[in-house]
Structure formats: C-alpha cells, structure tokens
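Here subunit A shows up in two complexes: once beside subunit B, once beside subunit C.
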Partner chain A sequence: MQIEASLWNASWATDGGRMQISLSYAPFEARYRGFDVARCSVDKSSDMNQFSSSGSVLKQGGGEEFSEELLLKPFPDRKVLAHFHFQSRAPHSSSHGRHHHLFPKAIAQLVKKFRVKEMELSFTQGRWRYEQWGGFDPLSSNNAKPPGVELWAVFDVPQSLVDVYWRNLTHTLSGLFCASINFLESSTTYSAPELTFKPSFGNLRYGTLPREAVCTENLTPWLKLLPCRDKAGLSALMDRPSIYRGFYHSQRLRLTSSESGSDEVDSGIGLEQTLTVVLQPSSWRTGKTYSVETNIQPSWSISSIFGRNIPGKCVIAKSSNVYLHLDNGLVGELKNLERENAKYVANTFESEGFQSNHAFKISVTPDKVFEEVDYLHGKSTSVIYGFSVEKYSDSQPFDLGLTWKIPVVWSCQQAPLHASRFLMGSGNERGAIAISLESTESSEGLPTSHIIDGRCELRVDIFQVVPWYIKVYFHTLQVFVDKQPRAMADVVDKIRVSPSKDKVSPGVMEMILKLPCGSKSAAFSLEFDKGFLHIDEYPPDANQGFDIPSALISFPSFNARMNFSEDEFLNNSPILSKFQETSPVLSYTEVLLIPLTTPDFSMPYNVITITCTVFALYFGSLLNVLRRRVDEEERILRSRAGRKAGWISQLLSRLSAKLRGRPQEQPTSSLPYSFISFRLVLKILLVASIAVTWQYYFG
Partner chain B sequence: MMVRYKMHNSFGFKSLAAMLLLLILSSSTSYRASAETTMHTNNWAVLVCTSRFWFNYRHMANTLSLYRTVKRLGIPDERIILMLADDMACNARNKYPAQVFNNENHKLNLYGDNVEVDYRGYEVTVENFLRVLTGRHEAAVPRSKRLLSDEGSHILLYMTGHGGDEFLKFQDSEELQSHDLADAVKQMKEKHRFKELLIMVDTCQAATLFSQLHSLGVLAIGSSMKGENSYSHHLDSDVGVSVVDRFTFYTLAFFEKLNMYDNASLSSLFTSYNPTLLMSTAYYRTDLYQRKLEEVPVTNFFGSVMETIHTDSAYRTTFSRKTSETIMPLQQSVEHDESRQLINSNVQDQTSDTKIEDKQCPFTRRWNAFQDKLEKIERIDSLVNYGLIIMFPLLLISTWLSR
Partner chain C sequence: MAETEVSKKRKRPIVRLAVLLLSHSVLVSVICCTAGVFGLLLLPVLAKNTYISENALMPGSASSMLSNQEVSEANKLIKELNNLHSNPLGATTESHGIIAKYMSNLGAQVNNHKFHPQLNQFHPLHFFSGPDSGVMQENSTRSLYGINTVGIIRAPRGDGKEAIVLVTPYNAVKGGVRETLSLGIAYSVFSLLTRVTWLAKDIIWLVADSQYGEYAPVAAWLRDYHTPAFSNLDSLNTETCHVGNNNFESKISYGIRRSGTMAAALVLGVAYGNENEDTLGIYAEASNGQMPNLDLINIVHYLAVHRQGLRVKVEQFHWLLNSKWVKSLGEVFESLGKMVKTLNPDWKLGISAADYVEGAATLASSLYHQALGVPTGPHGAFRDYQVDAITLEFSLRISFDRLDRRNDFLLHGGRINGLLGGITLFHF
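Moving on to the complex of A and B:
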C-alpha cells in the first residue's frame, strides 16, 4: 500500500496564482490530516515482508517491464550500424487513474484517448543504402524508413470516426515530439491503403512528410519516454553530435495495444522504441596504422564511435544487452578465408575461439554466441555475440571493440529485387514517374518464389502515394518485363487506384504484381501533368521543388526472419525475438523532387500597383471630363478669394468704410436682413455674457 | 464603492444617468485596479526566429541564445514557446551536426541535449504567431504549443529576423506589420493574458514595429531606430556565416554576468547598449509601462523569480497583502480624479488618459473654479445692473457695424 502526494502549481490550486509555490524552498514537508483509510486486511506474514525486504516497488511495477538492447554490426562499406532497441510494456487497465512506474504516461494516455490499436512513427534522415547495407534481413525491413516523418496508425473506432481521431492524433504527436506532424491532419497528406500496406479494415491511415527535419529536439522527447532517459544504461551512449554526424539515422516508435481478454500474455500496451544509426568509425582515433591500407576494415569500439562508454545498465531495466552481429555474407567470407589458411583448421565457429581468430579480435569475451539456423539451404549463416551489461558499472564501463587483422570483403544479402524510382520528361508541364525493379544476385539462388499453376511467379506489392498537384494518368501505366513491353493483365494481378482530388485528397496507387521468376528486370511508368497551386499554397522555399513521398515495395512471399536454435535466452531478448518474427521483406524507394512552376512571388504586388495606377489615371481623367463645370469653378474661386481675408481684417475694412461713409461692396449675395434675426439674438447674448464676466472679474 | 456612489448623488444627477455612469466608471476602474493589483504569477517567453535559409544562421543562434538565457534564469521549457523557421542544427551545410554556436570560439553549444522547439519550419507563420499570442487555437492543438498565460503573467516576446519600416518578414514570404502586433497585444490585454509584456526585437528599423502599441503594461526594446540597420556581430569562418547579431550579442554579454539571484535592473540593461558598438541606436519605449525601470529587475521578464508569500497556516487563504495595501491610497486618488473628469466632460478615451492626476484638461479646471466663485457671489443684483449697462453700448456698436 502506498500513498502519493503531489504538489500542484496550477492556478486553481494556488488560489488564482496568488499563493505561489516556490521550488527553491524544497524539500517540502507534507502532512496528512483528517484522513481515514479503509483497507482490506492482508495476510501480514508473507506479503508485507516480501515487499519491504526487496524494497523494489519499481521492479514489481504493476506488471510493467522495460528492457534495453543494442545491436552493433559492421557493414561492408567500412561503416558500423548501431541499433538501439528499447521495449516497455504495460498491462491493460480498465481504470483511468492508473499509476505508471516505467511505462510513459503520455503514451498510455494517447493510446487510451485516441483508441490506437497499432501505430508507428519514424523520424529519419538519410537514405538506407540497400545495395551496401542489405535489404533482406529483419533489421532493414523493419528499420529502413523513408526520409522525414512516416506515420501510420490503426484505430479501434468506427470507420466514420477514423479521420477525426487521426487528426487529433497528429496534433498530439506534434506536441509530443516537437515536429510538425500536424501537417498530416490535412486530407491531402494522408491516405488509407487497403491492399498492400497492411491487412486493415478501413481503419488504417498512412501519411508521410518527406521534408521534415530531424534533429535533437525530436530525439530528446523520444528519450524522455525511457525510464532512465539518457542518464543511465545504453541510452547514455547517445551523444547528439555523434549520432547526427552519421550517414543514416532513424528513430522509430511503435505501439501495439490490445484489449484485455483477447490474450492474457499480450494484452496491454507494448511500446517499442528503436534508434538505428549508421556511423563511420574514424580509423585514426584507434591509433592503428591500418589507414594506409585502404581495403582493410576500420577498427572501432563503442567509445570511438560514440565518444562515450556504457556506464552499466539502467537499473530498472529487466535486461540490458549488447549484441554484435556478423551477417551471413561476412561469416561465409571468413569461413572461406579459413579454409584457405589450412593452419587455422582447428578454429571452427562452434568453438569458443572465434572472438580471437585470425581475421578480427573482439575486446570483450561474449557471454553468449547465437548462430542462425537455416533449414532451407546450406549457405552460411549469421552469428550474433551477446554481451550482458549487468556486471558493468560507472567505475568499470563497458566498451566493446572490434579490431580487424586482415582485409575482408563481403556483401550483405539483398532483397530479391532492387527497387529504384526516377522521373522522366522535362519541362514544367508534364512528366512521368518510373519504378524500376532490378533483380539482385540473392534472388537467383533463392527457391522461395511461389509456384502457382505450374508457373513460377514472384509477387511484388507496390504502394505509391502522389500529392494532388501531380496529376497522374493511371491509364498510361506501361509495364516492361526484361525490357519488353507487356500487357498489363499479364503482370498486374490486382490494382487499386484512387485518383487525386484537387486540394482534397492525394492519388493512391496499390498494385499486386506477379512477375515471372526468371525475369531480370521490370519497369513501370506513369505519366502525369503538373498542377498549379494557389499562390498561398506555395511553401516559402517553393523554388526548391516539391517532394513525392517514397513508394513502398514489399515482397510478401519472402520472409525476413532469422531462425535461431531454441534457447530460453532468446525469448527474453526483445531484439532477437523480434528478429524471429515473420515479416515480409520491405524496401522504400527514393523520394523524388519535382520542380513545379513557381510564380514570381512579387508579381501580385506589381500587378496591384500597376492596375491601381491605371485605374486611377483612367477614372480620374474620365470623372474630370464628365463632372467639371467651368463657370462654377470660377465662381467658387472668386468667393474663396473674397473670403480669404480673416474676419478681423474684414471687420476693420468694414469699419473704415463706415467711417469714410462709403458703402462697401458685398462679395456675396447678402441674405434678406431683418432686425430681430437669429444672429442678432446671438450677438446680444454674447455681449451680455462678456459683460457679466467682465463685471465679475473686475467688479 | 459606496463613497463613489454618494459622490454621484451629491452632484444631483438623475438616478439613471448616475447608475449608467457608475457602471462605466466602475468597470473601467476596477479593471485597471485589478490589473495593477494582480500578483505576478508566472513568467512566459515567446522566442521567435522568423528567417529561413542557411545564411540566416545568426537569427537562429540569436533566438537559441535567448532561449538558453531564459532557461538558465529559471523559466521552464513548458513556459517557453520557441519558434524556429528553419533547421540549422541538422542542416546539411552545418559542419557541426546537432550543434549551433553563437561565437566563433565554439565554447557553447546552444542546441544542447535538451531543446524543445514548439513551432518549426513551415509552421512559423504570421498566423501561427498571432494565434499563439492571442490564444485562439484549434481545439486539437496540444498544450505545449499554447501560451497559457494568465493575468498575472510576465511575458517576454523576443523576435528576430529581417524587418523594415513597420514590418517584420516571416520566412521571406509574409510580413507581420506593426498594426498586427499592436492588435494582438491589445487583444491579449483584453483577454487578461498578461500583466507585463516585454517585446524585444532585433531587426533593422526595429523601433518602427512598436509605433502602434497602445496597451498598458507593455515595454518594448528594439535594436535600431527608423532608418537604421541592425548588423551582425562577427563571422565564423568555420561555420561559414555570421553567427550572432550585435544587439543580441551585447544583450547576452550583459546576461552572462548574471545569475538568478542578481538584482540588475532593466534600466541597467537599457543603458548597457553602446550605440558605437551596436552600430545602431537601441530604442526603448517605456511610456506604456508604469513601474520605474530602475526598480524592476531583469529577472522580472528574463527569469522566473517570484515574490513568495509566507502563510502561517497551511490551508487558510487569509493572506496579508502588504504590497497591495501600500498602493491603495494612491490608487483611490486616481479614481477620484478620474470620476470627476468623467462627469464633467462625459467623454473618456480609455487609452489616452494614462496620467490623469497631473494633466487634467485646463478648461475643466477653469470651469470648476468659475462655478465655485459663482456660488460665492453675494451682490447679485448689482452684477446684473452693471452687465445691462455695459450691454447697451456694445449692442449699439454692433448694430451700427452690421448695418
């Protein structure tokens, strides 16, 4: 049992802000008064002792869990991948006022408020290089994301309400992650894929912002969702300058929530946060002289690539592990090298001597070695070394290093088809988008293509969203297989198109393709016209061009999963169990930059000034001609000249005329004069008042 | 209130008119009184960088420097609305990723590890800026993007970018005009969104942006007068562009010496600007601000230092308002004068009568004296006689003249 008190600084609690709480007077002492607790009687003997002796309410955590892991992987192009994986889980709660120990309250509230069933938000800068960094493994399928922001969410609400919930969700996320995700609320930016993206029933929404900047301000709130923030544990490695110096970084947040009752184990909210960074280890920092030899891989360590060490685990994490992943290409290459060097025959991978073999050296002895089991074909399999951070502390930080002894050249396993997309045509009026799929080496040896009706076919799904100002003509879809034009019906199995509506919705194209197995290449082209935007719709940097979001190419018949031999440890490690999940191979194409006709933005101003001048000249002169009366003008002029003299001088002149006895000429026609006129009465009153004042002051 | 009521009756107005006047009067005076007696509750800062593109790096560095300063002096992140029109820290042209410097010695990374940008990129528009100030948001906008100030708030509004005569450019595509700013501030005042507001602007011809301001409690500092430019301070050859503006540089130089507990006054900040170093004349408008600048510490706006009230009992809300008590007599006299003026002239301009007690309309004063003397006269018959006698010659002259 516990009692919690909170100090409120809201205006209602502080008597309209007059009773201020100053935190400089901390620590505070609080007393409870008039406080009556009704509690159930508990069996005193066992439970209470357990709680007090362990002293860890946190570990109990109301069923909440948190674990942190980091996976490091060398890439063939002398770069290193660092993949952080944090996972928290909270059990489902029916009550609203739940207390959160480890699980971020903001996320729990978000799930509850917007009825989110599943959601993924990613912030990415840079492009995942499928050729060099691989495209077949679960790591790239799950974590290679298009540049900018990508958000999709599945809602547990009726279809008519999904758009409203989506809009509110984008606003909340934009506040939570310091990004302009709220631009996704406009119906021109999001779409509802049905065929290719994920099995959904109309309650999925997908939107991307290709130009969204990603920087520290996005990472900081993301880190604040972790129970240890970036103060302890693996997240302490996240030195902002080192991360953003990388070639690719993608921070991702994935939410899954399930109602209670469906499944006892998985019910609740699961939060998976990953940060994937590709960094270039600087070889001069290690102090080795290998830099002269260009083909040797640079040696690196955690401290050399991040500039920091791991100061032990985050104490409230259930598990805290670091993995080093050598992919199957590399392992195969190492095996080949070993076979050549006959003297190292004794050194097999299964033995413990692998971490100090002839090719490289790992500075820390791994606690566990996992080897992938590939039942399908007898090719080489990848190896993962596991290191537990639990025994390290501030005084003895964890630092993993990899030193290469001999040059190794290998390549990562790629997706069956390498997808790229480009623009065709020139000019500001029309153009064409082309998606080309080139077969890669890896697909040739793979027997996983489906054989249907005696025909060997490869299924490819394409999901493409184009903004409304790119007006795509879907009837112009042309298909080329092995550079030969083919009829659409031969290749396209299913197609779903929702044409764009101007300023209302984007164009969406979803295609399910069945390509013949042996085909080397396939290409699709679509023609489009470029639309005109209203002057207010152009962004401030319109001359930079407009982005077409990445197309998503997926290969549902291929599964990006790794098989490990059954192990108790594997199920406790979120990152490895994630690798073992079946997921289709995915890849994103490049973002296209389209120049649109941009107006001269000073033009409206020029037009307004010119038209105003013309109008003024025209109407002014016309009015002058029509309305002008020459005699009247002269009369007015004359009268004005007569009136110009002030009334004092007029009076004087009249006085002098009177004195001389001559009648003065009257410039204006005088009014008929009567003795008892209004003017006279006024004059009398005036004189009387003057007299009274004079009398009063001087009398 | 009762005193005032009696006063009205003694003047012998009709009851309806008196009630009407009382209503107008009490609403206006009680509002003013509330604005003056409301305690300072919290501090907010709205920091805006309005310029896009890499060569405007210095504007973002200016804003982030101020962000760092106010955070250091105690305003928490949730009470800072930071608007940055472009991303400089992770810009592809930035040689130092995730870092922004305001000095070529690169000692201080302004971006740090804990920066919260509320509006960025295309979101920094005049519309959003005015929405933040006036609090007119869509319902879905999260709290972190709103200025949730109250009538006891002190707000610092800092803006930097490219400006001109009575305007400030937003992202090279829109302008904020001085009228827009003044209207927004007036609306804020009427919505009780601030007690005191300091507007600090670092642009060319910054002083012109304040020309339309009329709301009480507003203090404004600009980097340059009309017709003057605001210049950058120095170029960082590593970054490749100028990294800070002169006005902001010297403002920061002033603040770097301070901590939260210093009592440097606003006037010492204002006098610290040296026109020869600034290459422009810093302008400050104080006529709308009632307090003496010598007595107001800079932490009034740039920090979050508040007066604390100690109460003996924990839950009783009877607090001794000593500070407000001392102000009361003066305030009553103000009300008194004001009410009289209202009765006599029946016209009141809400914004113009800031200092009623010493510059009352001369005509009104004369009329009052005249009325007083009129009542004291005893020989009223002789007065009338004299008047009639004088009237005749005057009448004669005038008829003779006008014939």
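Moving on to the complex of A and C:
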C-alpha cells in the first residue's frame, strides 16, 4: 500500500498556465493532513486460492482483470516477431468507487478527467516492412505504426470543447510517458479526420510526431502501468538491450471506455498495452552470411532472442499464455513439402503430429492448437500453438524453442495494394508528393472487393496530413490508373480537403477511392510550394529537412480478421479475440523528408552584432551632434583657419590643381569614344576565339 | 572659380577621398589587382586545417574492416565479369544479370533502370542545368539505351527517410580491369554494409552504364528518380526488354525503386597510378563551379588520412608542381614565415616550400575548374538536386593483373567503408 503525490505543471492543472509552478522554489515539501488511511483486511487464504485457480475472474479486484500474452511468429526473412499483449479492464468508477486494485490509477484518472472515449498512443522506431513481414493479417494491420509517436483520441464532450480536452490530454500523456507529446498541443500539429480514419462525429483528434526518438525512458513508464511491471510474468522478458537491438519496435497503448450507464459485460475502461518487436535470432550472425547456400531458417528460442526466460506467470494475471503463430504462407508451404514427401496424409495438422514433423521442431508440447478456418476458399490457413505459462516457475522457467530442419521459403500475405510515397522535383521552391499504389500478388485471388452497379471496384481510403509550411495545391491532384491519366471524378469517390492555414492548422486530405478491380497500379501526385518559417520555428538540425507524417492507406473492403473454430478458450484469450475482430486492412507509408530553405543560423547573431554596431555608431554621432554648439565651433574653426592658412591653402591648391587637370583630360577621353568601343569589340572577339579554340582542343 | 573654391572648401573628407580615388582610377585598379593576386598567392600560407570534432565521427564505430570472405566474393564477381569480356556479344545484358544477382544475394533490393542517353550535356554558358534540360533531344536517341543496375540496402533500424548513394561507372562493352575493380571495391563495401547494424541511412548502389559517358547515366537515373513519369506515353521502362532469357533476369523489375531523400553521394573510381604511393583523389566541382558542402570533403580527407592512412590528393595542376617560380615563391614565403617566427613565436605563418607548391597547385586547379563550369565527374549530376557529391578516385602503384595485389587492393574497400561509415554518422 502506498500514497503517491505528484506535481503537475500542465495547463489544465495550473488554471490555463496562469498559476505556473515555479521550479525555482524547489525542493517542495508536501504534508498530508486530516485523513486516516485504513487498509481493508484481506483474507489471505481466500486470496491465494483465487490466484491459484486459473481462469477465474478475480472477484477481489471488483471486476478488474488483467491478462498477459505473448505471440511469437517467424518471418520469411529470418527474423522473429514478438508481440506482447497486456490487457487490463476495470469497471466504471461510478459503480465501484475510485479505488483500483489492478488497473493503473493514472489511466483511470485520465479517462475520467478528459472524458476519453477511445484513445491510442504508439511509440515506434524503425519501419514495418510490408513486403517481407506482410500487411494483411490483423497483427500487422493493428500494430504496424508510423515511426515516432502517433496519438489519436475520441472524446465524449461537445465539439466546441474537444480541442481544449485534447490539449490537456497531450500534456498529461507527455508527463506520463516522458515524451514530447505536448508538442501535439499546437493546432498546427493535429487534425480532425472525418471521412477515412474512423467513423467519428467531430470529436476525434489525430496527431503524429514523426521525429520523436523512442527509447527506454518511454518504455519504463509504460511498464509501470502493468501490475507486475517487468518483475514477473511475460514482461520479465523485456531485456532492454535485446528489445532495442531489434529491427522494429513499437509500443502501443489503447484505451476504450464505455458509458457507465450501459449494462454490457465490457463496460468500464479497457486498457490494452502491446509491444511489438522484430528481432534477429543471433545464430544468424555466427553462421555463414551468404544466403545463397543457407536457405535454412535460423533456429531460435525465447532465451536466445531475449537472453532471458519466462519465470512463470504474473501471479495476479487472469491468464498468461504464449502463442506461436505460423502464418498461412508458411503452413501452405509446409503442406506442400509434406505432400511431396508423401510421408503424411494431407490433414495431419494435429497437435501431436505437427509439432515435431520433418520441417521443424517445437521444444515444448503445445497445450492447444488453433487452426484458422477459412470459409470462403479452401486455401491454406494459419496455425497458432498455445502454451500456458501457469505451470512454470522460477525453478523451472518456460523456454520455447523452434528448430528448423529443412529450408523453407515462403512469403507473408500482403495488403491488396502496396503503397509507397515519395517526393518529386528538385530545388527549394516547389515540389510534388506522389503516392503510388501497386497491386501485390495476394490481391488477385481475393473476391472480397465490392461490386457496385455491375462494376467491380476496390475501395481505398487515403488520409494524409501535411504541415502548413508545405503549401499543397489540392487542385493539382493528378490521378493515374494503370499508367493512364484519369479524370478525378472517375476514381475519387469522395474527397475532403481542409487547406492549411499558415501557422494555424495543417492541410488535411482525405480521399475515398474506387479503383477498378483489375488495375495494376495507381498513382496520385500533388504539387506544393515550400514555405518559409520564422527563425524560432526551425527544429534542431533543420538542415536535415522536415518530416511529413506518414499517410494512412486503408482498404475497408478487406477485413483483417482470422476466423477460428468456436472455442471457449478463445474468449478467455484477449489476443485471439482481438484477431477475430473485424477491422479494415491498414498500412502506413514512409515518412518523407523534405529539405526546406534553412537560414544560416549564425545569421541572427551576425545581424544582432551588426545592428548593435550600427546603433552604437548612430547614437554616438547623434549624441555628438546634439551636444555640439555650432556657433562656437565655427568661431574656433575660423580662428584656427586664420592661423593655419598656409597648410590648408596648400592642400586646397593641390586639390584644385587636380581638378583642373581633370577637365583637361575629360575631352580627350570622350573624343575617341567610337575608337574605344572598337577596342572593346576586339577584346570580346579575342576572348571568344580563345574560348572556341579551347573548346575545340580540350572540350 | 571663386565659388567652386568655396564649395571645395566645404566638401567633406569622404567626398574628397572619393574624388582622389577616381582621379587615379588606373593606379588604384592596378594596386587592387596586384593585391588580389598577392592575396591569392598568400592563400596557401594562410590556409588552416579544418577542425572536425572527433566525437561527431564516433571513432571506432565504423572501424570494422573487410574480411577475406568479402574480398573473395568480390574477386569472384570480378573474375566473372572479366570472363565476359572475352566474348563481347551479349556481354552487356549478362553483366547486368551478374551484378544484379550478386546484389540480391546480399539481400539488397535490385532493379534495373533503362535510359536514353542525352549527349552533349555541357555548355559553359548553359546556366542552371535543370532536370528538364535536353529533353527535346530524346527522340533522336530513342534507339540508343543503356541500363543502370541499382541495389538498395534498407538501414535495419533507420526509418528510411534518407539515403546515401554509391556510384560506380561501369562500361560493360569496353570496361577494362580498372572498372571491374571499382565494381569489386563497391561490392565489398556494399556487402559489408548489408551486415552492419549501425546504418542510419539507406544505401543505394548505382552501377551506372557508362557506354555513353559517365555523366549521362547518373543524370538520367537522378532525373527518373526525382521526376518519374506516371503515364504510359512518355515512360520507357514499360517497354518489354527481356533480352536475357535466364530465369533470374526476368525477376528484376525495370521500375525505379526508391529510398528516401538523398543526403550525400560518392562516386568510386579506380585509376592507374604512376606515383609511388597509393593515393586517393578527390574531385568535387560540379556544373557552373558549384561545390558540395565542404564538410563532405573534409570528412573524407580526415578519415582517409588519419584513420585509414591513405595519401589524399585533391586534384592539382601538375605543371604547377614543377614550375620554378612557384617553388621560389614558396621559398620566399618560407623564409618570411621563419622571420616572422623569430619576431613572435606565436605567429604561425610559415609553411614549407613543398607544402606551398602543393597548395598553390590545388588552389589553381580548383579555381580553374570552377571557372570553367564543367563538372569534373559524374558527381556533378547530383548537384542539380542539392545533393552533396564527390568523386573518389583510387590509384595504385602496380598494375592490377597480379591477384595478390588485387586482393590487397580490395581490402582497401574496408577503408572506404570506414569513410562511408563516418559519412553516414556525420549526416545522422
């Protein structure tokens, strides 16, 4: 039991910034007075019983529950995905009071204070490689995020108040996660998508910080929200060096809260924390590096990729499971191999037969095997092995290993169109953004695209935010389908554009496209002018360029979901029930880097010094003039001139002589004017002939 | 007259001074000119070494040298390419296939780029050569085409916003040992870079088909990279050009693959050296005398000299090196510097005569090339897109026919790798 106090300097806590905390008075001293802390006595024995009985909802927590899960998945390019999924849920505070047992209080307060209906915050480093790691399954659709920070939130407040709540939320999150999320407070950084992002009614805000560097100081506060932190359970695997050595790293936090009035089962606050890392098993490094001969996938185990084992479950978790996911490409390939070898009958995908077959070996016997059911076409489907960590402990840690015996080559299922975005043009004045969509092989066999008015169409949504200093001309939108220019009305079903306002709001473009089904490629280009920024608006290292946040491409006519045969175990597993939810296929494009004109930053200092010098000179002479007594000086001068007439007259006579000499020369120089021009022409001719001969001999 | 006399008397000194200067304009201009020339001659004396923070380059981070394995692989590539030259028929397409195969074996994404060369790019008076210059000539050269091979390594932890370009000109028809060697170096560097984890930027390796000159393929690739043609009418990459019929060839796309914004570019070349040391030549002047960010040259110079122990030779006028009067001038400056030092030991003005001659030759060559306005290598194409680029030319003592010598030379790839590492870090 503990009492925590924290100091807040956000604008919501300081009356809009009027009553700021002055940190110069630190250290602060806090005194608690006038309340007594009474601890509820817990019956130890009943408590322990509940912990030991797995799967039962913890009544002690007042309906709160927590579960932890880890999904591992081998990728075709010799890497391994590890996806941690922690879910906590708390009933609404109005029905159960304000005390929480498992649920993080900071989050509950945040939800209550800012009336957050739904929120997602992600910290990502590296890029998700859609071509190699797939983009169709729910895992990549939900967890592949743009680099940097992405935050969106839906508020349960009137529209006029949404901006205020958003600003306060960014400040709070910034404090919670030690990140510069508070930069999203400025209206130039966030936008309010309406068409494509999510169905919303004006109370959704979306903002990204592409340049935010993500590191362990963001992970630690995120781990603090877990009841076991990283001391026990699956999160004990999170060895910082091995996580940050990975090729992709994304930590995500998603909040959903529902109205307290509704009497649904999942009313209250749901907190979903995921950490997705793509790691390279270390055996790759020691082996032969040239991939020509060594097609065999690297064998790995949890201890080899993380350097740690799972020391049993987090005792207060409702469930603690580890899954091994073999995606449908791999399973199909394995089936083919088996058919070729004719060792097994085609349908031997039973838990016993498959976990130690001729292609690979799993070191632990799985407790459960889930097979994806594909009702539409009898294609190969993915397989998930479930392992329960409950029976493992410190003395007998859980370590899952996968050993490959024969080389297998497969590819992940990709999104129907592969999106890439790039810059066109050169120079510092203008340019163009192009988004190109190219069909992948996987889209051909999918009959899910909509058929409207007898025409087969593929719906694609594009959501693009552009900062204000990239002044996009939306009327220059050009559309090419299959390399043929098309009229905009043919392809674009709906478009919503909100042009940027200088230093006030970013430009937002949302498009709903209807592409013909068989189209192989589509491209869009938008021209823009590069704007100028005020000297103090430049970020550090401005010469590197400015980031344009990723565009979000979604395919609403495709659903990234997996169907499993009905099983009561599935309902207990948040990660699998998440996979079964219907969500559109999403993919993000790359972040673009636009070089803008940047001043030489030593310039302001030069300007300051020069103006200071000029001012000093000016004031000096002005002061001189003001203090001068003109009459008196003239008198002194005259008297001095009378005395030193000889020297001055000498100088004057010399000067006049020079002047007299010039009028004598002037007529001579002006007379042969035509002669001089002739000489000039001669000179030019000479230079030109030299240049020509030079070009002839050396050019 | 009396009235003018009075006005003369009232004139302010600055006006009087101006009048004085104007009246002696010939003398003044002669004095200014001589002062300018003298200043120019004095420049090598006053030149100071640029300070580069050691921390900015993170010493030791990019120190990994090439292993024998990479060298042997590079040797294999060189041998295969050299064998092709014995039968010139079909050597072009096959060499592209071989290079592409080696690239993709390293795990890079490979594509071919087909272009029509635009000859006669340079006119000294053609300012601001933009990407749209010379488009009109395209029709006449439609039958001629060259194929560049491009490989891209994605930085493992980077976000792919930026890229560094590595260019090796290669002529598949007439390319000698020299060009295959530069390919070998680039290959060994590339293979090392596929395995390192500290890359912050993507690496693009462009094997430029230099049958139509070294500049044209690079310029064409840059143009297509930056202003792609979306519509069918004016794109030439859609033409079916499957000359090679082996299986691998057909897998390589002709569409341009992209990485992020280019941050810097290095052109690698090998020259037959006739000096008694292994040297590294740096060429930097682009069209119209534009220069890249001098930091790039400084880093390369610094890393090459201090870290890799190479002798760096920025391009020079060789006739100046042997000229008598420059030498004597250098001696004069040397003695002057010594005299100054006796007056005050804190004044460090003197440099040795040899250094002076070298500096003067470099300065003269740079002045000359900037005044001429013709780029000194394919790096000039990058300058049009505000990309810093230089050409590095390695030259060796002995000919490359002996294998051990070649291996030794390929190990130099490690030094370039060190250079590249420094550059990627510097641009981070």
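We adopt the following convention: the second predicted complex is superposed on the first by the 529 of 699 C-alpha atoms of A that agree within 3 Å, B and C clash if a C-alpha of one lies under 4 Å from a C-alpha of the other, contacts with A are read in each partner's own complex, and residues count from 1 in each chain.
By our rule, a contact is a pair of C-beta atoms (placed from the backbone, for glycine too) under 8 Å apart; a residue touches a chain by one contact, two chains touch by 3 or more.
Keep in mind that what you see is a predicted model, and the values were worked out from it rather than measured.
K.L.:
Tell me the contact category for A:Thr172 with respect to subunit B and subunit C: first, second, both or neither.
P.N.:
After superposition on chain A, A:Thr172 lies in contact with subunit B alone.
K.L.:
For A:Pro540, decide between first (touching subunit B), second (touching subunit C), both and neither.
P.N.:
A:Pro540 sits against subunit B, while subunit C stays out of touch.
K.L.:
Is A:Val504 touching the first partner subunit B, the second partner subunit C, both, or neither of them?
P.N.:
neither
K.L.:
Between subunit B and subunit C, whom does A:Ile636 touch in the aligned arrangement: first, second, both, or neither?
P.N.:
A:Ile636 contacts neither subunit B nor subunit C.
K.L.:
Regarding the shared-chain residue A:Ile690, is it in contact with subunit B (first), subunit C (second), both, or neither?
P.N.:
A:Ile690 sits against subunit B, while subunit C stays out of touch.
K.L.:
Could you say whether A:Ala434 touches subunit B, subunit C, both of them, or neither, answering first, second, both or neither?
P.N.:
second
K.L.:
May I ask you to decide whether A:Pro147 touches subunit B, subunit C, both, or neither, giving the answer as first, second, both or neither?
P.N.:
After superposition on chain A, A:Pro147 lies in contact with subunit C alone.
K.L.:
Considering only the touch criterion stated at the top, classify A:Ala523 as touching first (subunit B), second (subunit C), both, or neither.
P.N.:
Only subunit C; A:Ala523 stays clear of subunit B.
K.L.:
Tell me which partner A:Gln125 touches in the superposition: subunit B (first), subunit C (second), both or neither.
P.N.:
Both: A:Gln125 reaches subunit B and subunit C.
K.L.:
Based on the A-chain superposition described above, do subunit B and subunit C contact any of the same residues on subunit A, and if so which?
P.N.:
125, 245, 655, 658, 691, 695, 699
K.L.:
Hey, which residues of subunit A end up touching subunit B in the complex?
P.N.:
Touching subunit B from subunit A are residues 11, 14-20, 22, 25, 31, 125, 167-168, 171-172, 174-176, 178-180, 182-183, 185, 212-217, 220-221, 230, 240-241, 243-245, 538-541, 601, 651, 654-655, 658, 679-680, 683-684, 687-688, 690-692, 694-696, 699.
K.L.:
Can you check the complex and tell me which residues of subunit C touch subunit A?
P.N.:
Subunit C residues touching subunit A: 5, 8-9, 16, 19-20, 23, 69, 73, 105, 107, 124, 130-131, 154, 156-162, 195, 197, 226-228, 230-232, 235, 238, 258, 260-261, 374, 384-386, 427.
K.L.:
Given the complex with subunit A, which residues does subunit B contribute to the contact?
P.N.:
It comes out as residues 39, 41-42, 52-53, 87, 89-91, 96-99, 111-123, 138, 140-145, 150, 152, 171-173, 306-309, 311, 314, 317, 319, 373-374, 377, 382-383, 386-388, 390-391, 394-395, 398-402.
K.L.:
Under the definition above, what is the set of subunit A residues touching subunit C in their complex?
P.N.:
Against subunit C, the touching part of subunit A is residues 125-127, 129, 147, 210, 245-247, 289-292, 420, 422-428, 434, 436, 478, 480, 482-485, 523, 525, 544-545, 547, 590-595, 652, 655-656, 658-659, 661-662, 691, 695, 699.
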